[in-house]
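Here come two complexes built around chain A, the first alongside chain B, the second alongside chain C.
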Partner chain A sequence: MADRVIKKSEFIELIDRLLESYRVYAPVRQQDMTNFQEISAADQVDLSLANTTMSPKSIMLPQSETMFEFNVDKTSDQAAILRETEKDLSPRLIFGIRPCDAKAFQLLDLNFDTVAYKDPWWVARRKTTTLMGLACNAPCSTCFCTSVGSGPFAPEGLDLLLVDVDDYFLIQVITEKGEKLLNEEGIETEAAGAMKQAALASEKSSLQSIKSVVSAASLAQHDTKTLFDSDFWEEVQFACINCGVCTFVCPTCWCFDIQDEVHKDNGIRLRNWDSCMFPLFTLHGSGHNPRAQKLQRLRQRFMHKLKYFVDKYDKGVACVGCGRCVQQCPVNIDIREVFRLMND
Partner chain B sequence: MENPYLPYPVRIDSVVTETEDRNLKTFKLIFLNSADREKFIHRAGQFAELSIAGKGEIPIGIASSPTEQEYLLFTVNKVGVVTTALHQMSAGDVIGVRGPLGNWYPWEQMEGKNIVIIGGGFAFTTLRASIVYLLHPDNRSHFGDITVIYGARTPGMLLYKDELAAWNERDDIRIHITVDAADDPNWQYNVGFVPAITQEKAPSAKDAYAVVCGPPIMIKFTLPILRELGFPEERTIMSLEMRMKCGVGMCGRCNIGGEYVCKDGPVFSLTQLSQLPGEY
Partner chain C sequence: MVSLKEKMIHRALLLLSERKVDAVLGFQRGTIPMMSHPILIRHPEGADQLHWDSFCSTNLANYLPQRKERIAIFAKGCDSRNIVLQILENQIKREQLYIIGVPCQGMLDRRKVQAELNGRELLGVRETSQHLHLLGEGFMDSLERSSYLQENCAICTHRNAVIHDELLVEPVLEQEGVDRYEDVRAIEAMTASKRWSYFEELLAPCIRCYACRNACPMCFCPVCFVDESTPQWLGKSIDPTDTKTFHFLRAYHLAGRCTDCGNCERACPMSIKVRQLTKKLEKDILELYGYEAGLSLDQSPPLDTYSPDDPQEFIR
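Right after this comes the complex of A and B.
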């Protein structure tokens, strides 16, 4: 599918037009952070940062969402019978998502969209959402996407990929869903050779600027129990305070909890993000806890991403190299170092 | 699309207090919609999530056999928020059931083999389902000798006492009931811990599978005895417990290594378990 091109000034108008038929999510400045949120006008978008503080996972897996509703009024013949909560599943567009975060959605599909069971909300949201990505011309010092199967210009998981070329966006058309959106909006001007050359040059210089490299090649070959019992966990966990910020900002951390809430006669069952960093995550009713120690919890996070996931799906590590956990960890635990310890 | 989180509504048909400490009750559940009953096809060893609107869900082994088609049985120990609420409920109340979930004892592999069932305490629930299944006239001839060793702390803490007595009268099942201690002078069965009784009764490992379910301390001391008796790891079958939420391998908490106990388990052979990190 041929690349298209659009002037940035026209692109602003395009976003405003798309707002009529899509719910549009894009990076928006929120005090000290830039995060994805639903916008009502194109001028809210802030593309000045390499990436958002939070990953866009909440767009597919909200931090808290109602699954079911019920009433507990015993006089009702529907008492205690759960009803599915209606969701707004109208078409959505995520604009400005980085290739690493789009790849993360693909990895989470492996968990939520399986042969045996399908998470109905995840699957529906994935289906009704179009991903218009933005290539990274200037990656951060903590980006290591190229080591883990993604890259600053990687198309995987995206429908469209925009490349910032001076006063224009070159638009790479990746899927039919993306092509349909462009055709419907009349974005049909094909990119000229010079424009493509400029985009390629950006890609090359972006790739060269990524100095952070990890090795994951040997992870699949290593013995699970040997890794599990390795001495290095003691050192890695020493400073960890189990705050959970790594799991909170991570685009590939999907664990959730299910809770009920009741107000007067009306109740809801909701799911909330959870974290393997917290002891309650695995506490049995009996009081027994298989991961009572912080070493066990920290080890679980890294073993899951870099070993269990690798072995279970044969699709690489459950890490896209976005570097958020490296930036946000208050005690400087660095997953790149854990890659080295586990892989070498 | 089927929503795997949506429970089937069921009505509590009866509640039986099983044990002298009144902490274990068996709930007999009837589906409100017969179509749901037809969809719920389980094998002995599987579990389900019991859902109490406003309190939450709990994963509980299914105590009824697939051959008991009109109802489901769950024996529930009172430990937390949901189980306490359930213990306060009575016949007629509506709750939810989500399942069947997880895998089951390897019935296909066990066909034609001798079966040794070893249980302790309130972990006897899916073992009861298994015994009822095995003894059903349609199934009994498909299996060899059946030996059961079941222990509880005291006579009053045994589950399913009437059924135990009835099984004890049969000649197509050998049953060894034991208690840690009994002050009843008329106690006619064994006294001693499950591992000791297993050693004493020494069920043959020849062409046999051992199915073991009980508290960690019982498992710890029973496994070496089964090894001594000659049960290989691949014919030693166990069922595990974990804190669970989704029950369908998605919420991420019940893993042992790369295996989710809710979806890939709860039934594992000792061979499978020995390849996993010992984090359970």
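Right after this comes the complex of A and C.
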């Protein structure tokens, strides 16, 4: 599919037009950070920061979501019957998503959209959401996407990929869904050779600027039990304060908890993000906790991402190299160092 | 700062090789600019990993509760006050500790510095006594150190360790005439409804990651009320009422026990000013009991204990 091109000034108008037919999510400035939010006008978008503090995960998997409602009044004929909570599954557009975060959605598909089990809301949201990505001309020093199967211009998971070229965006058309959106909006000007050359040059310089490299090559070969019993966990875990920052900012951490909340006769069944860093995550009804120690919880997070996931799916690691946990961990536990310890 | 680091390495080396302690608790240089990494060093040959700069702000006392070995700890003023409280609350024994006081000029706030960068990427920092130099691709900016202190450090009146076995260097001058509660008074002056919406806005970005709680050296309950499940006191969603309940109750648990070390605010990924809650309680405790937390091993936090002359006007 041929690349298209649009002037940046026209692009702002395009976003405003798209707001008529899509719910549009984009990075919005919140004090000193940006995060994805639903916007009501194109001028709310802020692309000045390399990436958002939180990943766009919550757009597909909300931090907290009511799945069902029920009634506990035993005299009612509706008692204890779960009714699905109505959800707005109208078309959405995520604009400004980085290739690493789009790749993360594909990794989450492995969990929420399988042959045996399909999470209905995840599947529906994926289907009705178009991803208009923005290539990274200037990756951060903590970005290591190229080591983990993604890249600053990687198309995987996206429908469209915008490349910032001076006063223009070159638009790479990746899927039919993306092409349909452009055709409907009349964005049909094909990119000229010079524009494509400029985009290629940006890609090349962006790739060269990524200095942060991890190795995941040996993870599949390593013996699970040997990794599990390694001495280095003791050292890695010392500084950890067992908060949920790494898991909550991570675009690939998908674990959740289900809770019922009842007020008088009415109840809701919620799905909330959970974190393997929290002791409650594994607490049994008996009071026994198989991961009562901080070391066990920290080890679980890294073993899941860099070993169990690798072995189970054969699709690489459950990490897209966005560097958020590296930037946000309050005590500087750096996953790149854990890669080294586990892989070497 | 280099000299402090070298002195630390020297002291750690000696303490470990003479077996005066089993381990030394300090900092390693972070893997990204403006970050540091707490480490526990057990062997003399590990001593040269130690590092010190204006971003060693993590309160190391957070790593002490329930440890069994003899530990040497590099303690800023705030760390030392938390050590006092932890000894008073039976989390660690005085005789287990070898406290090396590190006079502190205030730690720097990485988010304040980041705000100056306007999206440019910081690749390194260099420090002099008055300035912080920011280095990046094609730029080098110099910032006046004193304008980028963590907010709690800017109003700190206990920069030297209040309890120690030795001081690493000469004490620094304590700040005097500091108004610690200007912001608290502004909130107190609000009408109830305005104050309520102030708190609602303050806590709205919370993602319930509990970094504030876990970063706190005084949050050491075996099971936090937030994590109790039989019964469950608090909802697990990001419902604003549950979120506020968590923050308000956490703050109350710290009344008279908080040293305003700022570890909570520093750890928050969403930059929430959680100290706005603990500072109000700090002010109340000071006004009611004349008590500042963690200054002396002879004085337990007033809400940990009872004295017949405690203020009781509130009983009616």
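Observations
By our rule, the second predicted complex is superposed on the first by the 344 of 344 C-alpha atoms of A that agree within 3 Å, B and C clash if a C-alpha of one lies under 4 Å from a C-alpha of the other, contacts with A are read in each partner's own complex, and residues count from 1 in each chain.
Criterion: a contact is a pair of C-beta atoms (placed from the backbone, for glycine too) under 8 Å apart; a residue touches a chain by one contact, two chains touch by 3 or more.
Not measured: the values here are computed from a predicted model.
On the superposed chain A, the two partners chain B and chain C both fit, without a clash. Computed from Cα centres after superposition, the angle at chain A between chain B and chain C reads 90 degrees (steps of 10).
After overlaying the two complexes on the shared chain, residue contacts for A:Tyr308 are found with chain B alone; chain C is out of touch. In the superposition on chain A, A:Leu270 makes contact with chain C only, not with chain B.
By the document's definition of touching, neither partner reaches A:Val28: not chain B, not chain C.
Residue contacts after overlaying the shared chain place A:Leu283 against chain B and chain C alike. Within the superposed three-chain model, A:Phe238 lies in touch with chain C and out of touch with chain B [touch as defined at top].
In the superposition on chain A, A:Leu19 makes contact with neither chain B nor chain C. Of the two partner chains placed by superposition, chain B and chain C are both touched by A:Asp257. When the two complexes are overlaid on their common chain A, residue A:Leu341 makes contact with neither chain B nor chain C.
The least CA distance from chain B to chain C in the superposed model is 6 Å. Counting contacts as defined above, chain A residues 257, 259, 283 meet chain B in one complex and chain C in the other. Residues of chain B that touch chain A in their complex: 1-7, 9, 32, 51-58, 77, 79-80, 83, 93-96, 216, 241-243, 245-246, 248-258, 263, 275-277, 279-280. Contact residues of chain A toward chain C in the complex are 30-33, 48-50, 53-54, 63-64, 138, 140-142, 238-239, 241-245, 247-249, 257, 259, 261, 270, 272, 275, 278-280, 283, 326-328, 330-334, 336-337.
For chain C in complex with chain A, the residues that touch the partner chain are 30-32, 35-40, 58, 62-63, 111, 114-115, 118-119, 121, 123, 205, 207-211, 213-215, 223, 227, 229, 235-239, 266-267, 269-271.
Here chain A touches chain B in the complex through residues 67-68, 70, 72, 79-82, 84, 111-112, 114, 116-120, 123, 224-225, 228-229, 254-260, 262, 267, 269, 271, 274, 276, 281-286, 288, 290-291, 296, 300, 303-304, 307-309, 311-312, going by the rule given at the top.
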